[in-house]
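One chain, chain A, links the two complexes that follow: it is found with chain B in the first and with chain C in the second.
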Partner chain A sequence: MSKRPFLIPFLVPAILVAVIFLAALAEILQYSFREFIPGSLDVGGFTLDNFARIYRPVYFKAVVNTFVLSLATAFFTLILSYPIAFALVRTKVEWVRTLLILLSITPLFTGEIVRTYAWMLVLGTNGFLNTMLLDIGIISEPVTFMYTRAGVVIALVQFAMPVMIIILATAISHINTDYEKAAANLGARPWTVITRVVIPLTMPGIISGFIVIFAWTMSAFATPQLIGGGKVLMISNAIYLQGFSALNFPFAATLSVIALISAFASLALMKLIANRLERQTAIH
Partner chain B sequence: MWRQTLFWVIVSCILFYMTIPAIVVVMTSFNPGEILSFPPNGFSLRWYEKALTYPDFRIAFRTGLIVALISSTLALVIGTSFAFLVVRYVFPGKNLLEGILSSPLIIPHFTTGFGFLLLGAHLNLNQTLTIIIMTHVVLVLPFVARAVYVSLLNIDPNFERSAANLGASPFMVLSRITVPLIIPGMAGGWLVAAILSLTEFSASLYVTASRTQTLPVAMYNYIREYTDPTVAAVSALLIIATMLILMLANHFLGLRKILAIDSH
Partner chain C sequence: MKKLMVALGALAIALASTAASAQEKLIVSVWGGNWKDGAAIIAKEFTKRTGMEVEFITGGTLDRLAKAKVAKDNPESDVVYTTSHVGYLYQSDGLFEKLDKSKLTNFANLYPAADRGDYEVGVYSYVYSPVFRTDLMPKDFRITSWNDLWSDAVAGKLSMPDFDPSHIIVASSILAGGDAATWEKGVPLLEKLKPNIKAFYQSDATSQDLLKTGETPVQIMLSINAYHLIQNGVPITIEIPKEGAVVGIGALGINKGTKKLDAAHEFINVALDPVVQQEICDFHKCSPMNKDAKVSPELAKLPGIFTTPEQWSTQAIITPDEVQAKLLPTWKAWFTENMMQ
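What follows is the complex of A and B.
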């Protein structure tokens, strides 16, 4: 009798899904080399013109914008998530722990549209934030958050925090607290314990969290679409514009290929930098 | 002592930032007028009435529910069996298959959606439930597989070994020992998959049409046309439903376990 009795029946469905997914990706690749026939959804023969078009400033700018916004989002998400993750792991009060986990995880499951819509209500010219700031008297004129990069980042960071908190909390829960006690006993001040012991020990979590959020933000669509309102263009929005307004599927496919390549390339680059960092900060 | 206080003040401020959008949505949903104002100048349930009777939302919610139930269940079956293979067997191409099936976590949803839009057109399945379900299975599969994978790693292999030594067939061991032990992981994975499918937007926007749109897509279309708080009422209902489901999941399964925060 076979030593792996479930191999075939368990393997077939997984392979089927993988093949379907690869077929979908292959369709994009195939379309990216096809000629666009204006006014028709059918495509022409083989061409490289689509790839020549991406050097136009507007698309180049969208790629750069995507990169910059993703970097900024990953950075602010890290800063804001660390204290929450730390509190979540270290609090000894059960209800605080439950409250922290519910409040910080719920946004993950409400979806892109609900969250983006909510931020539109907060950030709008007559929205919650402007009304509050005007009432308190901090500002005398409404501040424009909508249709700005700052507004998009404010919303994206909140969107990304649950995932970062999960990753960081896992890393923090793996620390052996004896290290912190030892440092404190040797006279280290609390701040020193945090920066010299806790943060270095969680460096792998920090790095993987940063990379995950960076990749996650590169694929944001609804937030830049609605809060950016066409003024903040990420690759995702450029693709949608080409596909659904211009109905130029071949060029939308080309931009998708570019999005894929830049996602994988920047991930590879960040992994490379991360490996260096990790080697430098590792405690020997 | 003051350090402690300062720390909790910071934590509270960050939590406030995380929850303020949800609070504002709920406040807005009770706003009596069409024009939003803060604080609301009254209390009204009219937008809830509109949200619950608006045909587009009703149909979209039903479609989304069907899609979510079928795709998360398919993902549960496929993901569980695949996680079992990954943990227990060695076979050629294992890493490659693992890489392909977990890549939807990195590949932007809009790319996946666009690919399935083109594939659907090719197979004459464009914007049908079949292609929407295929897309969602691909997107949620990594989450189920991961949850089951963690549960499988935590099983003591001696249980399975002793059952086999006592003469249980491989199928008996699987159905009587292994599956019951990983049920919490399977349940958690299925729940996460179903919620993610229900709320998925970017890929769904590409693969659905107005007949087959899911709730987030219908909400997006509404936001682009109207500015009244109907979507706030739908959002408030979704946020409250999500919180209730998570509280139940936390009670019965333990969120920290589902999310693998204590996986050591």
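What follows is the complex of A and C.
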């Protein structure tokens, strides 16, 4: 940097954004320690009551829900995206590649609300999925998908898949196919090649994809709000309820602080596990 | 450099003229979409009478309140259109001017429910009441009392708003012999209602979807949304329970610090004019506040449209704005912690 002083002004916008962001965070932090005055937008003096309230089951459950649903979403997104990403990179047929790109990436260009509404139509009691399952005789009564954790995860997975596919496809495309050929020549079956060569070599991509989707889902709002229908609360929904319908900004700020701490703690834990996993699966 | 100076000068003149023209307009803060179109009915008549144009700034209930708080002494609007209990928050934070009711010549003709104190006045009302899909509920199913929401027929079929639980809380309290201020009396009943609740809705759109798709065949619903569904052929019935339906009131107040105090009063007075009231209510399908407003017969016969003093006294549950504004956060917290898990 010292050799290129002309680059320093380019840092100004980033510093400015960082300062504003930190100022906003500081404001949220100070609000979280302030007393709520019902019937007023003003806040009272210093209090720790907001943090004591976190231990009430509904908020604690929202934090746990956020962690569990983020983990489940990241896991299922990975499982479903990997074969698609692999096929996308390895297929030699142009139209198959185009079709896969169309099917997997284009949902990225529709908004979260639009996609969530579409899922509401699919997952409803009289929705597409239940109607189809009833028609083909797999079920005799409609299955409840809406307002359940399963329904929320299904919609979140579909929402996250395009990003996961891009990350995994990038990782898979960097593997030298000679490794796979060598393994096959030495007698490895296709499944063994995938599990012993391809997957370990793409582990950095798997880990980053998992962490990205996990972190992304931790802040999910519209999908749990609409598919969860108030029955599946994630932390962002709890913040919204407190801030924007109860007008209890101090407690909403406290929940935001807890959400931030939970996100950092979860990511640190995940990074620790990821590092260990990466070392174990590394090919020397 | 000379060219730059000329361009800057032209820009300054353009900005100054924009500011000057803004001064000639009355700025009204209102919700977007349909609500803005309803306010435009008032604006049209106001401009006809005064020659002053009206400009709308739109936003949600709470972001407009937050903006008004930030702007405080230098308000970006002159008049605020909001819900009456949110209006109480404006006034308690010193964001509303005290109304000079001598300038509101139509005030004398209003139903008592329109009198929301010294700082705001009710313009129209709507109700939250039980609604059900006639094709998805048993043939003999009726809701004559709020108590019917606790029946076995409603088990796992009910939805209600998550952003404002006041309707069911107040109704439960009334059933238990209390009122809004003594809401805790209804808590045991509320707890018994939990198994009947299938979902909570977050907006008018999701509320309508839940009924349209049949996901929740019974709902505590905003009357305006119910009429809209009926108009679109969804087989639903809106019932006014014998205890009454929970009333919400759209109100107008004047921003503290406005430089167009007289014009702002005139805008409110126009909004209370019987003919304008009739137009607003025919447009929104709501109840007028002016006793002389003659809404269409089709509208008048809808459940939840109050056009007589008797209907107001027997069918309307009205919570004082101060009680609602001060207790809503407590209700919301209790509801979230006890009903939504």
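Throughout what follows, the second predicted complex is superposed on the first by the 275 of 284 C-alpha atoms of A that agree within 3 Å, B and C clash if a C-alpha of one lies under 4 Å from a C-alpha of the other, contacts with A are read in each partner's own complex, and residues count from 1 in each chain.
In this text, a residue touches a chain if its C-beta (ideal position, glycine included) is under 8 Å from a C-beta of that chain, and two chains touch if they have at least 3 such contacts.
Here the structure is a predicted model, which is why all the values come from computation and not from measurement.
S.K.: Aligned on chain A, chain B and chain C: do they clash or fit?
M.R.: Because the two structures are overlaid on the shared chain, the partners are seen to clash.
S.K.: With both complexes overlaid on chain A, does A:114 touch chain B (first), chain C (second), both or neither?
M.R.: First partner only, chain B.
S.K.: Looking at A:74, would you say it contacts chain B, chain C, both, or neither? Reply first, second, both or neither.
M.R.: A:74 contacts neither chain B nor chain C.
S.K.: Contact-wise, after the overlay, does A:241 reach chain B, chain C, both or neither (first, second, both, neither)?
M.R.: second
S.K.: When the two structures are overlaid on chain A, which partner does A:24 contact: first (chain B), second (chain C), both, or neither?
M.R.: The answer is first: A:24 touches chain B but not chain C.
S.K.: Check the residue A:126 against both partner chains and state whether it touches chain B (first), chain C (second), both, or neither.
M.R.: both
S.K.: Does chain B (first) or chain C (second) touch A:56, or do both, or does neither?
M.R.: After superposition on chain A, A:56 lies in contact with chain C alone.
S.K.: Who contacts more of chain A, chain B or chain C?
M.R.: B
S.K.: Name the contact category of A:256: first (chain B only), second (chain C only), both, or neither.
M.R.: In the superposition, A:256 contacts chain B only.
S.K.: Have a look at where A:231 lands relative to chain B and chain C in the superposition and call it first, second, both or neither.
M.R.: The second partner, chain C, only.
S.K.: Considering only the listed stretches 25-33, 61-69, 169-177 or 205-213 of chain B, which one runs into chain C in the superposition?
M.R.: Residues of chain B that clash with chain C lie in 205-213.
S.K.: Which residues form the common part of the chain A surface touched by chain B and by chain C?
M.R.: Common interface on chain A, chain B vs chain C: 41, 120-121, 124, 126-127, 226.
S.K.: Spell out the residues on chain B that touch chain A in their complex, using ranges where they run on.
M.R.: Chain B residues touching chain A: 3, 7-8, 10-11, 14-15, 17-22, 24-25, 27-28, 36-38, 77-78, 81-82, 84-85, 89, 91, 97, 100-101, 103-104, 106-112, 114-116, 118-119, 121-122, 134, 137-138, 141, 170-171, 174, 192, 195-196, 198-202, 205-206, 216, 219-220, 223, 231-232, 235, 238-239, 242-243, 245-247, 250, 255-256, 259-264.
S.K.: Tell me, which parts of chain C touch chain A in their complex?
M.R.: That would be residues 62, 65-66, 69, 88-89, 92-93, 159, 162-164, 198-202, 206, 209-210, 213-215, 322, 325-330, 332-333, 336-338, 340-341 of chain C.
S.K.: If we count contacts the way the header does, which residues on chain A are in touch with chain B in the complex?
M.R.: 4-7, 9-11, 13-15, 17-18, 20-25, 27-28, 31, 41, 80, 83-84, 87-89, 98, 100-107, 109-115, 117-122, 124, 126-128, 131-132, 158, 161, 166, 169-170, 173-174, 190, 215, 218-219, 221-222, 226, 236, 239-240, 243, 249, 252-253, 256, 259-260, 263-264, 267
S.K.: Give every residue of chain A touching chain C within the complex, in rising order.
M.R.: Per the touch definition, chain A meets chain C at residues 36, 38-42, 56-59, 61, 120-121, 124-127, 146-147, 225-226, 229-231, 233, 238, 241-242, 244-248, 251.
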